[in-house]
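Below are structures written as C-alpha coordinates.
In what comes next, chain A is part of two complexes: it sits with chain B in the first one and with chain C in the second one.
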Partner chain A sequence: MTLRLQLAASNVYTALMSTLRLPGRFESLPKIGEFVVKAARAAGLDERAVYAVELAVDEACSNIIDHAYGGEGIGDLECEVSWQEDKLIIILRDFGKPFDPEAIPDPKIGVSIDELKPRGVGFFLMKKMMDEIRYSYTPESGNTLTMIKQKLST
Partner chain B sequence: MELHDRSRAGVKILALEGSFDTYTAEPIRRWLDEATRSAPAHVVVNLSQVDFMDSTALSTLVQGMKRAREKGGELYLCGLQSPVRLIFELTRLDRVFEIFVSEEDAVQAIKGEATH
Partner chain C sequence: MDISITEYKRCDVVKANGRIDSSTAPQLEEALNSIIEAGRYKIVFDMSDVTFMSSKGWWVLIETQKKCKRYKRGEIILVKVNPNIRDSLNLVGMGSYFQMFDDLTAAVGSF
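Let's look at the complex of A and B:
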(Lines of atoms letter the chains of each structure in order from A and count residues from 1; the text may use other names and numbers.)
(Lines give C-alpha, C1' and ligand atoms only; values in the text may rest on other atoms or scores of the structure.)
Protein backbone atom coordinates (compact mmCIF):
# COMPACT_ATOMS: atom_id res chain seq x y z
CA MET A 1 0.00 0.00 0.00
CA THR A 2 2.80 2.38 0.91
CA LEU A 3 4.56 1.67 -2.37
CA ARG A 4 1.36 2.26 -4.33
CA LEU A 5 0.81 5.60 -2.63
CA GLN A 6 4.35 6.67 -3.44
CA LEU A 7 3.87 5.73 -7.08
CA ALA A 8 0.64 7.68 -7.20
CA ALA A 9 2.34 10.71 -5.65
CA SER A 10 5.16 10.41 -8.16
CA ASN A 11 2.65 10.33 -11.05
CA VAL A 12 0.92 13.46 -9.76
CA TYR A 13 4.31 15.15 -9.46
CA THR A 14 5.30 14.55 -13.08
CA ALA A 15 1.82 15.38 -14.35
CA LEU A 16 2.18 19.10 -13.53
CA MET A 17 2.16 20.03 -17.16
CA SER A 18 -0.18 22.01 -19.35
CA THR A 19 -0.30 23.02 -23.02
CA LEU A 20 -1.94 25.94 -24.83
CA ARG A 21 -2.19 26.28 -28.61
CA LEU A 22 -3.30 29.57 -30.17
CA PRO A 23 -3.16 31.28 -33.58
CA GLY A 24 0.11 33.11 -34.26
CA ARG A 25 -1.35 36.58 -33.84
CA PHE A 26 -0.34 39.41 -31.49
CA GLU A 27 -3.77 39.23 -29.84
CA SER A 28 -2.78 35.75 -28.59
CA LEU A 29 0.15 37.16 -26.59
CA PRO A 30 -1.86 38.36 -23.52
CA LYS A 31 -3.49 34.89 -23.27
CA ILE A 32 -0.14 33.12 -23.49
CA GLY A 33 1.24 35.62 -20.94
CA GLU A 34 -1.61 34.88 -18.53
CA PHE A 35 -1.04 31.13 -19.02
CA VAL A 36 2.69 31.25 -18.17
CA VAL A 37 2.19 33.70 -15.26
CA LYS A 38 -0.30 31.29 -13.72
CA ALA A 39 2.16 28.40 -14.15
CA ALA A 40 5.10 30.43 -12.79
CA ARG A 41 3.12 31.39 -9.67
CA ALA A 42 1.93 27.80 -9.20
CA ALA A 43 5.57 26.68 -9.47
CA GLY A 44 6.39 29.02 -6.57
CA LEU A 45 8.52 31.61 -8.43
CA ASP A 46 8.80 35.08 -6.83
CA GLU A 47 7.26 38.11 -8.59
CA ARG A 48 10.54 39.22 -10.17
CA ALA A 49 11.01 35.74 -11.67
CA VAL A 50 7.35 35.64 -12.77
CA TYR A 51 7.89 38.89 -14.70
CA ALA A 52 11.12 37.49 -16.19
CA VAL A 53 9.26 34.42 -17.49
CA GLU A 54 6.35 36.48 -18.85
CA LEU A 55 8.76 38.81 -20.65
CA ALA A 56 10.89 36.00 -22.15
CA VAL A 57 7.78 34.23 -23.48
CA ASP A 58 6.32 37.49 -24.86
CA GLU A 59 9.58 38.28 -26.70
CA ALA A 60 9.89 34.72 -28.01
CA CYS A 61 6.30 34.69 -29.34
CA SER A 62 6.74 38.12 -30.98
CA ASN A 63 9.88 36.81 -32.70
CA ILE A 64 8.04 33.69 -33.89
CA ILE A 65 5.21 35.77 -35.42
CA ASP A 66 7.57 38.37 -36.95
CA HIS A 67 10.44 36.16 -38.08
CA ALA A 68 9.54 32.45 -38.14
CA TYR A 69 6.10 33.03 -39.71
CA GLY A 70 6.86 36.43 -41.24
CA GLY A 71 3.52 37.89 -40.16
CA GLU A 72 0.28 37.33 -38.27
CA GLY A 73 -2.17 34.51 -38.94
CA ILE A 74 0.27 32.23 -40.79
CA GLY A 75 0.54 29.42 -38.22
CA ASP A 76 -0.03 28.45 -34.59
CA LEU A 77 1.94 29.04 -31.40
CA GLU A 78 2.13 26.15 -28.96
CA CYS A 79 3.20 26.72 -25.38
CA GLU A 80 3.84 23.86 -22.96
CA VAL A 81 4.64 24.51 -19.31
CA SER A 82 5.81 22.01 -16.73
CA TRP A 83 7.41 22.46 -13.37
CA GLN A 84 9.55 20.51 -11.01
CA GLU A 85 10.60 21.16 -7.45
CA ASP A 86 13.40 23.54 -8.44
CA LYS A 87 12.47 24.88 -11.87
CA LEU A 88 9.86 25.91 -14.44
CA ILE A 89 10.24 24.60 -17.99
CA ILE A 90 8.58 26.32 -20.94
CA ILE A 91 8.57 24.83 -24.43
CA LEU A 92 7.43 26.94 -27.38
CA ARG A 93 6.76 25.29 -30.73
CA ASP A 94 6.02 26.73 -34.14
CA PHE A 95 6.08 25.51 -37.72
CA GLY A 96 7.62 28.59 -39.34
CA LYS A 97 11.07 29.04 -40.82
CA PRO A 98 13.93 27.55 -38.78
CA PHE A 99 16.14 30.09 -37.06
CA ASP A 100 19.54 29.98 -35.44
CA PRO A 101 19.57 31.93 -32.16
CA GLU A 102 23.38 31.99 -32.26
CA ALA A 103 23.19 34.03 -35.47
CA ILE A 104 21.35 36.86 -33.72
CA PRO A 105 23.93 39.37 -32.49
CA ASP A 106 23.47 41.03 -29.11
CA PRO A 107 22.21 44.60 -29.46
CA LYS A 108 24.46 47.52 -28.57
CA ILE A 109 23.68 48.21 -24.93
CA GLY A 110 24.68 51.38 -23.13
CA VAL A 111 25.13 53.43 -26.31
CA SER A 112 23.77 56.93 -26.88
CA ILE A 113 20.09 57.42 -27.66
CA ASP A 114 20.81 58.08 -31.35
CA GLU A 115 22.56 54.74 -31.78
CA LEU A 116 19.94 52.64 -30.02
CA LYS A 117 18.41 50.03 -32.28
CA PRO A 118 15.51 47.86 -31.13
CA ARG A 119 16.53 44.88 -33.29
CA GLY A 120 17.96 42.02 -31.27
CA VAL A 121 16.75 43.41 -27.92
CA GLY A 122 14.03 40.76 -27.65
CA PHE A 123 16.39 37.80 -27.87
CA PHE A 124 18.93 39.53 -25.61
CA LEU A 125 16.20 39.94 -22.96
CA MET A 126 15.18 36.27 -23.31
CA LYS A 127 18.75 35.18 -22.59
CA LYS A 128 19.00 37.55 -19.62
CA MET A 129 15.65 36.55 -18.17
CA MET A 130 16.01 32.78 -18.33
CA ASP A 131 18.65 30.45 -16.86
CA GLU A 132 18.83 28.20 -19.88
CA ILE A 133 17.62 28.40 -23.48
CA ARG A 134 17.82 25.50 -25.93
CA TYR A 135 16.71 25.43 -29.54
CA SER A 136 16.10 22.58 -31.96
CA TYR A 137 14.50 22.15 -35.36
CA THR A 138 13.25 19.16 -37.28
CA PRO A 139 11.01 19.25 -40.39
CA GLU A 140 8.49 17.03 -38.52
CA SER A 141 8.20 19.00 -35.27
CA GLY A 142 9.23 22.47 -36.44
CA ASN A 143 11.03 24.97 -34.19
CA THR A 144 11.26 23.99 -30.52
CA LEU A 145 12.50 26.57 -28.03
CA THR A 146 13.02 25.31 -24.48
CA MET A 147 13.43 27.91 -21.75
CA ILE A 148 14.19 27.07 -18.12
CA LYS A 149 13.84 29.27 -15.04
CA GLN A 150 15.32 28.05 -11.78
CA LYS A 151 13.39 28.92 -8.65
CA LEU A 152 16.29 30.49 -6.81
CA SER A 153 17.51 32.85 -9.52
CA THR A 154 16.78 36.48 -10.32
CA MET B 1 -4.20 49.07 -21.49
CA GLU B 2 -5.74 52.41 -20.59
CA LEU B 3 -4.34 55.80 -21.57
CA HIS B 4 -5.08 58.84 -19.40
CA ASP B 5 -3.72 62.14 -20.63
CA ARG B 6 -3.60 65.56 -19.08
CA SER B 7 -1.58 68.74 -19.29
CA ARG B 8 0.11 70.68 -16.50
CA ALA B 9 1.94 73.96 -17.01
CA GLY B 10 2.65 73.18 -20.67
CA VAL B 11 3.84 69.65 -19.93
CA LYS B 12 1.91 66.85 -21.63
CA ILE B 13 1.40 63.90 -19.31
CA LEU B 14 0.47 60.37 -20.35
CA ALA B 15 -0.50 58.03 -17.51
CA LEU B 16 -0.67 54.37 -18.56
CA GLU B 17 -2.47 51.53 -16.87
CA GLY B 18 -2.03 47.79 -17.60
CA SER B 19 0.35 45.97 -19.95
CA PHE B 20 2.49 48.05 -22.30
CA ASP B 21 3.63 45.59 -24.98
CA THR B 22 3.61 44.64 -28.66
CA TYR B 23 -0.16 44.19 -28.59
CA THR B 24 -0.98 47.51 -26.87
CA ALA B 25 1.85 49.82 -28.02
CA GLU B 26 0.23 51.28 -31.16
CA PRO B 27 -2.14 53.85 -29.54
CA ILE B 28 0.71 54.95 -27.25
CA ARG B 29 3.01 55.43 -30.26
CA ARG B 30 0.29 57.52 -31.94
CA TRP B 31 -0.21 59.63 -28.77
CA LEU B 32 3.55 60.28 -28.52
CA ASP B 33 3.73 61.19 -32.23
CA GLU B 34 0.94 63.70 -31.74
CA ALA B 35 2.38 65.11 -28.49
CA THR B 36 5.78 65.68 -30.14
CA ARG B 37 4.43 67.20 -33.33
CA SER B 38 5.12 70.82 -32.35
CA ALA B 39 7.91 72.46 -30.35
CA PRO B 40 8.62 72.57 -27.51
CA ALA B 41 7.56 68.99 -26.82
CA HIS B 42 7.78 68.35 -23.09
CA VAL B 43 6.30 64.97 -22.19
CA VAL B 44 6.07 62.95 -18.96
CA VAL B 45 5.01 59.29 -19.16
CA ASN B 46 3.67 57.99 -15.85
CA LEU B 47 4.28 54.21 -15.59
CA SER B 48 3.11 53.76 -11.98
CA GLN B 49 0.14 51.60 -13.04
CA VAL B 50 2.03 49.57 -15.66
CA ASP B 51 2.64 46.00 -14.55
CA PHE B 52 4.29 44.67 -17.73
CA MET B 53 6.57 46.08 -20.44
CA ASP B 54 8.43 44.40 -23.32
CA SER B 55 11.02 45.46 -25.92
CA THR B 56 8.35 47.00 -28.19
CA ALA B 57 7.32 49.26 -25.28
CA LEU B 58 10.96 50.29 -24.75
CA SER B 59 11.35 51.00 -28.44
CA THR B 60 8.15 53.11 -28.41
CA LEU B 61 9.49 55.22 -25.52
CA VAL B 62 12.93 55.58 -27.16
CA GLN B 63 11.29 56.83 -30.37
CA GLY B 64 9.13 59.23 -28.34
CA MET B 65 12.20 60.58 -26.58
CA LYS B 66 14.07 61.08 -29.87
CA ARG B 67 11.09 62.97 -31.32
CA ALA B 68 10.71 65.14 -28.19
CA ARG B 69 14.40 66.10 -28.38
CA GLU B 70 14.11 66.88 -32.10
CA LYS B 71 11.44 69.40 -31.08
CA GLY B 72 13.61 70.97 -28.38
CA GLY B 73 11.88 69.12 -25.58
CA GLU B 74 12.35 66.13 -23.29
CA LEU B 75 10.51 62.92 -22.43
CA TYR B 76 10.78 61.96 -18.76
CA LEU B 77 9.44 58.85 -17.01
CA CYS B 78 8.04 58.41 -13.53
CA GLY B 79 6.65 55.81 -11.15
CA LEU B 80 8.33 52.63 -12.43
CA GLN B 81 7.26 49.52 -10.51
CA SER B 82 9.93 47.10 -9.33
CA PRO B 83 9.55 44.29 -11.93
CA VAL B 84 9.23 46.77 -14.81
CA ARG B 85 12.38 48.56 -13.66
CA LEU B 86 14.28 45.32 -14.38
CA ILE B 87 13.90 45.69 -18.17
CA PHE B 88 15.33 49.24 -17.99
CA GLU B 89 18.28 48.01 -15.91
CA LEU B 90 19.10 45.09 -18.21
CA THR B 91 19.07 47.27 -21.32
CA ARG B 92 20.78 50.13 -19.41
CA LEU B 93 17.98 52.41 -20.50
CA ASP B 94 17.74 53.51 -16.87
CA ARG B 95 20.84 55.59 -17.73
CA VAL B 96 19.33 56.97 -20.93
CA PHE B 97 15.95 58.08 -19.55
CA GLU B 98 15.46 60.58 -16.72
CA ILE B 99 13.36 58.56 -14.27
CA PHE B 100 11.51 60.12 -11.31
CA VAL B 101 9.64 58.60 -8.41
CA SER B 102 6.64 60.92 -8.63
CA GLU B 103 4.84 62.67 -11.48
CA GLU B 104 5.17 65.97 -9.58
CA ASP B 105 8.98 65.64 -9.50
CA ALA B 106 9.10 64.81 -13.23
CA VAL B 107 6.91 67.80 -14.14
CA GLN B 108 8.98 70.18 -11.97
CA ALA B 109 12.24 68.88 -13.50
CA ILE B 110 11.01 69.19 -17.07
CA LYS B 111 9.74 72.72 -16.38
CA GLY B 112 13.19 73.55 -14.99
CA GLU B 113 14.70 72.18 -18.21
CA ALA B 114 12.34 74.35 -20.25
CA THR B 115 13.54 77.59 -18.60
CA HIS B 116 17.22 76.89 -19.40
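Let's look at the complex of A and C:
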Protein backbone atom coordinates (compact mmCIF):
# COMPACT_ATOMS: atom_id res chain seq x y z
CA MET A 1 0.00 0.00 0.00
CA THR A 2 1.32 3.40 -0.92
CA LEU A 3 0.19 6.56 0.71
CA ARG A 4 1.01 9.93 -0.63
CA LEU A 5 -0.03 13.39 0.17
CA GLN A 6 -0.94 15.65 -2.66
CA LEU A 7 -1.05 19.32 -1.98
CA ALA A 8 -2.65 21.32 -4.71
CA ALA A 9 -1.37 24.85 -4.60
CA SER A 10 -4.52 26.28 -6.09
CA ASN A 11 -6.76 24.31 -3.80
CA VAL A 12 -7.36 24.84 -0.12
CA TYR A 13 -8.46 21.23 0.24
CA THR A 14 -6.07 18.40 0.74
CA ALA A 15 -6.67 15.40 -1.46
CA LEU A 16 -5.30 12.20 -0.02
CA MET A 17 -4.73 9.24 -2.23
CA SER A 18 -3.89 5.65 -1.49
CA THR A 19 -3.69 2.52 -3.65
CA LEU A 20 -4.00 -1.18 -2.86
CA ARG A 21 -3.26 -3.98 -5.31
CA LEU A 22 -4.22 -7.56 -4.48
CA PRO A 23 -4.66 -10.86 -6.29
CA GLY A 24 -8.11 -11.31 -7.85
CA ARG A 25 -9.29 -13.85 -5.28
CA PHE A 26 -12.32 -13.81 -3.03
CA GLU A 27 -10.06 -13.91 0.02
CA SER A 28 -8.83 -10.44 -1.02
CA LEU A 29 -12.33 -8.98 -0.50
CA PRO A 30 -12.13 -8.42 3.30
CA LYS A 31 -8.80 -6.61 2.85
CA ILE A 32 -10.22 -4.37 0.14
CA GLY A 33 -13.28 -3.82 2.35
CA GLU A 34 -11.12 -2.77 5.28
CA PHE A 35 -9.12 -0.46 3.01
CA VAL A 36 -12.16 1.39 1.63
CA VAL A 37 -13.90 1.55 5.02
CA LYS A 38 -10.83 3.24 6.46
CA ALA A 39 -10.74 5.72 3.58
CA ALA A 40 -14.49 6.40 3.79
CA ARG A 41 -14.21 7.14 7.52
CA ALA A 42 -11.16 9.34 6.97
CA ALA A 43 -13.10 11.19 4.29
CA GLY A 44 -15.74 11.93 6.93
CA LEU A 45 -18.64 9.87 5.55
CA ASP A 46 -21.30 8.81 8.04
CA GLU A 47 -21.56 5.12 8.98
CA ARG A 48 -24.48 4.47 6.65
CA ALA A 49 -22.49 5.86 3.72
CA VAL A 50 -19.40 3.92 4.84
CA TYR A 51 -21.40 0.69 4.62
CA ALA A 52 -22.78 1.69 1.21
CA VAL A 53 -19.22 2.17 -0.09
CA GLU A 54 -18.04 -1.13 1.40
CA LEU A 55 -20.95 -2.98 -0.22
CA ALA A 56 -20.56 -1.29 -3.64
CA VAL A 57 -16.82 -2.05 -3.73
CA ASP A 58 -17.35 -5.66 -2.61
CA GLU A 59 -19.98 -6.24 -5.32
CA ALA A 60 -17.74 -4.61 -7.94
CA CYS A 61 -14.68 -6.69 -7.01
CA SER A 62 -16.72 -9.88 -6.86
CA ASN A 63 -18.07 -9.14 -10.36
CA ILE A 64 -14.54 -8.47 -11.63
CA ILE A 65 -13.36 -11.88 -10.38
CA ASP A 66 -16.47 -13.72 -11.61
CA HIS A 67 -17.03 -11.97 -14.94
CA ALA A 68 -14.02 -9.91 -16.08
CA TYR A 69 -11.49 -12.60 -15.12
CA GLY A 70 -13.89 -15.54 -15.20
CA GLY A 71 -12.51 -17.02 -11.99
CA GLU A 72 -10.14 -16.63 -9.09
CA GLY A 73 -6.39 -16.20 -9.45
CA ILE A 74 -6.40 -14.95 -13.05
CA GLY A 75 -5.37 -11.33 -12.49
CA ASP A 76 -5.04 -8.55 -9.95
CA LEU A 77 -7.50 -6.08 -8.50
CA GLU A 78 -6.34 -2.53 -8.02
CA CYS A 79 -8.20 -0.15 -5.77
CA GLU A 80 -7.35 3.52 -5.56
CA VAL A 81 -9.06 5.80 -3.08
CA SER A 82 -8.88 9.55 -2.85
CA TRP A 83 -11.01 12.07 -1.10
CA GLN A 84 -11.78 15.72 -1.14
CA GLU A 85 -13.77 17.87 1.20
CA ASP A 86 -17.11 16.89 -0.32
CA LYS A 87 -16.58 13.39 -1.69
CA LEU A 88 -14.81 10.04 -1.74
CA ILE A 89 -13.58 8.72 -5.08
CA ILE A 90 -12.84 5.04 -5.62
CA ILE A 91 -11.21 3.75 -8.78
CA LEU A 92 -11.10 -0.01 -9.44
CA ARG A 93 -8.90 -1.38 -12.20
CA ASP A 94 -8.58 -4.83 -13.68
CA PHE A 95 -7.16 -6.36 -16.83
CA GLY A 96 -9.95 -8.80 -17.56
CA LYS A 97 -12.62 -8.75 -20.24
CA PRO A 98 -14.40 -5.44 -20.90
CA PHE A 99 -18.12 -5.27 -20.18
CA ASP A 100 -21.09 -3.28 -21.35
CA PRO A 101 -22.89 -1.71 -18.38
CA GLU A 102 -25.91 -1.01 -20.61
CA ALA A 103 -26.35 -4.72 -21.26
CA ILE A 104 -26.77 -5.60 -17.58
CA PRO A 105 -30.48 -5.78 -16.72
CA ASP A 106 -31.85 -4.42 -13.45
CA PRO A 107 -33.10 -7.23 -11.22
CA LYS A 108 -36.84 -7.85 -11.10
CA ILE A 109 -38.46 -6.64 -7.91
CA GLY A 110 -41.72 -7.97 -6.51
CA VAL A 111 -41.66 -11.31 -8.36
CA SER A 112 -42.15 -14.68 -6.68
CA ILE A 113 -39.06 -16.13 -5.04
CA ASP A 114 -38.74 -18.81 -7.73
CA GLU A 115 -38.50 -16.18 -10.46
CA LEU A 116 -35.58 -14.35 -8.85
CA LYS A 117 -32.37 -14.30 -10.86
CA PRO A 118 -28.92 -13.40 -9.52
CA ARG A 119 -27.83 -11.57 -12.67
CA GLY A 120 -27.52 -7.82 -12.33
CA VAL A 121 -28.09 -7.61 -8.57
CA GLY A 122 -24.49 -6.59 -7.81
CA PHE A 123 -24.40 -3.89 -10.47
CA PHE A 124 -27.82 -2.58 -9.45
CA LEU A 125 -26.60 -2.29 -5.85
CA MET A 126 -23.44 -0.46 -6.94
CA LYS A 127 -25.58 2.12 -8.76
CA LYS A 128 -27.90 2.51 -5.77
CA MET A 129 -25.12 2.71 -3.17
CA MET A 130 -22.96 5.27 -4.97
CA ASP A 131 -23.79 8.74 -6.27
CA GLU A 132 -21.94 8.35 -9.53
CA ILE A 133 -20.45 5.44 -11.49
CA ARG A 134 -18.30 5.76 -14.60
CA TYR A 135 -16.79 2.96 -16.62
CA SER A 136 -14.11 2.99 -19.28
CA TYR A 137 -11.97 0.47 -21.09
CA THR A 138 -8.78 0.74 -23.10
CA PRO A 139 -6.55 -2.17 -24.18
CA GLU A 140 -3.60 -0.47 -22.42
CA SER A 141 -5.18 0.27 -19.05
CA GLY A 142 -7.90 -2.37 -18.95
CA ASN A 143 -11.21 -1.82 -17.17
CA THR A 144 -11.53 1.29 -15.04
CA LEU A 145 -14.54 1.73 -12.80
CA THR A 146 -14.84 5.06 -11.00
CA MET A 147 -17.31 5.28 -8.14
CA ILE A 148 -18.06 8.49 -6.25
CA LYS A 149 -19.80 8.95 -2.91
CA GLN A 150 -20.72 12.47 -1.91
CA LYS A 151 -20.69 13.49 1.70
CA LEU A 152 -24.07 14.16 3.29
CA SER A 153 -25.84 12.31 0.49
CA THR A 154 -28.81 10.09 1.21
CA MET B 1 -16.33 -16.37 9.94
CA ASP B 2 -17.48 -18.93 12.50
CA ILE B 3 -20.77 -20.78 12.15
CA SER B 4 -22.58 -22.73 14.82
CA ILE B 5 -25.71 -24.83 14.53
CA THR B 6 -27.87 -25.61 17.57
CA GLU B 7 -30.61 -28.16 17.13
CA TYR B 8 -33.80 -27.53 19.08
CA LYS B 9 -36.99 -29.56 19.09
CA ARG B 10 -38.89 -27.04 16.99
CA CYS B 11 -36.14 -25.73 14.75
CA ASP B 12 -32.40 -25.30 14.17
CA VAL B 13 -30.67 -22.06 15.13
CA VAL B 14 -27.72 -21.05 12.95
CA LYS B 15 -25.39 -18.34 14.15
CA ALA B 16 -22.59 -16.74 12.15
CA ASN B 17 -20.36 -13.76 12.76
CA GLY B 18 -18.41 -11.18 10.80
CA ARG B 19 -18.46 -10.73 7.09
CA ILE B 20 -20.48 -12.81 4.64
CA ASP B 21 -19.09 -12.15 1.17
CA SER B 22 -18.02 -14.19 -1.86
CA SER B 23 -15.25 -15.84 0.17
CA THR B 24 -17.38 -16.89 3.16
CA ALA B 25 -20.85 -17.40 1.60
CA PRO B 26 -19.96 -20.99 0.58
CA GLN B 27 -19.38 -21.85 4.28
CA LEU B 28 -22.84 -20.55 5.17
CA GLU B 29 -24.32 -22.46 2.24
CA GLU B 30 -22.70 -25.67 3.43
CA ALA B 31 -24.02 -25.21 6.98
CA LEU B 32 -27.57 -24.49 5.82
CA ASN B 33 -27.52 -27.37 3.33
CA SER B 34 -26.40 -29.78 6.05
CA ILE B 35 -29.59 -28.97 8.00
CA ILE B 36 -31.82 -29.38 4.94
CA GLU B 37 -30.11 -32.64 3.98
CA ALA B 38 -30.87 -33.93 7.47
CA GLY B 39 -34.55 -33.41 6.65
CA ARG B 40 -34.98 -30.33 8.82
CA TYR B 41 -36.58 -27.29 7.22
CA LYS B 42 -37.33 -24.91 10.08
CA ILE B 43 -34.33 -22.65 10.49
CA VAL B 44 -33.66 -19.50 12.50
CA PHE B 45 -30.62 -17.55 11.35
CA ASP B 46 -29.26 -15.41 14.19
CA MET B 47 -27.53 -12.50 12.45
CA SER B 48 -26.77 -10.42 15.55
CA ASP B 49 -23.02 -10.71 14.95
CA VAL B 50 -23.08 -10.49 11.15
CA THR B 51 -21.64 -7.09 10.26
CA PHE B 52 -21.63 -7.26 6.46
CA MET B 53 -23.46 -9.25 3.81
CA SER B 54 -23.02 -9.01 0.05
CA SER B 55 -25.43 -10.30 -2.59
CA LYS B 56 -23.58 -13.64 -2.61
CA GLY B 57 -24.75 -14.14 0.97
CA TRP B 58 -28.30 -13.14 0.13
CA TRP B 59 -28.41 -15.73 -2.62
CA VAL B 60 -27.52 -18.41 -0.14
CA LEU B 61 -30.49 -17.28 1.99
CA ILE B 62 -32.80 -17.11 -1.05
CA GLU B 63 -31.86 -20.63 -2.18
CA THR B 64 -32.34 -21.89 1.38
CA GLN B 65 -35.74 -20.23 1.61
CA LYS B 66 -36.84 -21.89 -1.65
CA LYS B 67 -35.83 -25.33 -0.35
CA CYS B 68 -37.39 -24.81 3.10
CA LYS B 69 -40.70 -23.50 1.78
CA ARG B 70 -41.13 -26.28 -0.76
CA TYR B 71 -44.22 -28.42 0.13
CA LYS B 72 -44.82 -25.88 2.94
CA ARG B 73 -42.47 -27.89 5.11
CA GLY B 74 -40.69 -24.99 6.76
CA GLU B 75 -39.02 -21.62 6.48
CA ILE B 76 -35.83 -19.72 7.28
CA ILE B 77 -36.38 -16.76 9.60
CA LEU B 78 -33.83 -14.01 10.14
CA VAL B 79 -33.08 -12.54 13.57
CA LYS B 80 -31.42 -9.25 14.50
CA VAL B 81 -30.49 -8.18 11.01
CA ASN B 82 -28.07 -5.23 11.04
CA PRO B 83 -29.95 -2.14 9.73
CA ASN B 84 -27.42 -1.61 6.92
CA ILE B 85 -27.89 -5.18 5.73
CA ARG B 86 -31.68 -4.91 6.01
CA ASP B 87 -31.73 -1.64 4.04
CA SER B 88 -29.70 -3.10 1.20
CA LEU B 89 -31.82 -6.27 1.13
CA ASN B 90 -34.96 -4.14 0.91
CA LEU B 91 -33.42 -1.99 -1.80
CA VAL B 92 -33.33 -4.95 -4.19
CA GLY B 93 -36.70 -6.21 -2.95
CA MET B 94 -35.24 -9.29 -1.29
CA GLY B 95 -36.27 -8.38 2.24
CA SER B 96 -39.87 -9.32 1.44
CA TYR B 97 -39.02 -13.02 1.15
CA PHE B 98 -38.08 -13.32 4.82
CA GLN B 99 -39.70 -12.87 8.20
CA MET B 100 -37.39 -10.82 10.39
CA PHE B 101 -37.44 -10.81 14.18
CA ASP B 102 -35.56 -8.71 16.71
CA ASP B 103 -35.80 -11.36 19.38
CA LEU B 104 -34.34 -14.86 19.14
CA THR B 105 -36.79 -16.44 21.57
CA ALA B 106 -39.74 -14.99 19.66
CA ALA B 107 -38.32 -16.32 16.39
CA VAL B 108 -37.85 -19.82 17.78
CA GLY B 109 -41.29 -19.64 19.36
CA SER B 110 -42.90 -18.73 16.03
CA PHE B 111 -42.44 -22.29 14.78
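Here are a few things to note about the model shown:
One rule holds in what follows: the second predicted complex is superposed on the first by the 139 of 154 C-alpha atoms of A that agree within 3 Å, B and C clash if a C-alpha of one lies under 4 Å from a C-alpha of the other, contacts with A are read in each partner's own complex, and residues count from 1 in each chain.
Assume a residue touches a chain if its C-beta (ideal position, glycine included) is under 8 Å from a C-beta of that chain, and two chains touch if they have at least 3 such contacts.
All of these numbers come straight from a predicted model, not from anything done at the bench.
Because the two structures share chain A, they can be overlaid on it, and in that overlay chain B clashes with chain C.
In the superposed model, A:Arg48 makes contact with both chain B and chain C. In the superposed model, A:Asp58 makes contact with both chain B and chain C.
Of the two partner chains, neither chain B nor chain C is touched by A:Leu88.
Looking at the shared chain after the overlay, A:Ile109 reaches both chain B and chain C. Touch criterion met: A:Glu27 reaches chain B and chain C at once.
When the two complexes are overlaid on their common chain A, residue A:Val121 makes contact with chain B and with chain C alike.
Shared contact residues of chain A, touching chain B in one structure and chain C in the other: 26-27, 29-30, 33, 47-48, 51-52, 54-55, 58-59, 62, 107, 109-110, 113-114, 116, 118, 121-122, 124-125, 128. By the touch rule above, chain C contacts chain A in their complex via residues 19, 21-23, 52, 54-56, 58-59, 62, 65-66, 69, 84, 87-88, 91-94, 96-97.
By the touch rule above, chain A contacts chain C in their complex via residues 25-27, 29-30, 33, 47-48, 51-52, 54-55, 58-59, 62, 65-66, 107-110, 113-114, 116, 118, 121-122, 124-125, 128-129. For chain A in complex with chain B, the touching residues are 26-27, 29-30, 33, 47-48, 50-52, 54-55, 58-59, 62, 107, 109-110, 112-114, 116, 118, 121-122, 124-125, 128. Those residues of chain B whose C-beta lies close enough to touch chain A in the complex are 19, 21-23, 52, 54-56, 58-59, 62, 65-66, 69, 82-84, 86-87, 90-92, 95-96.
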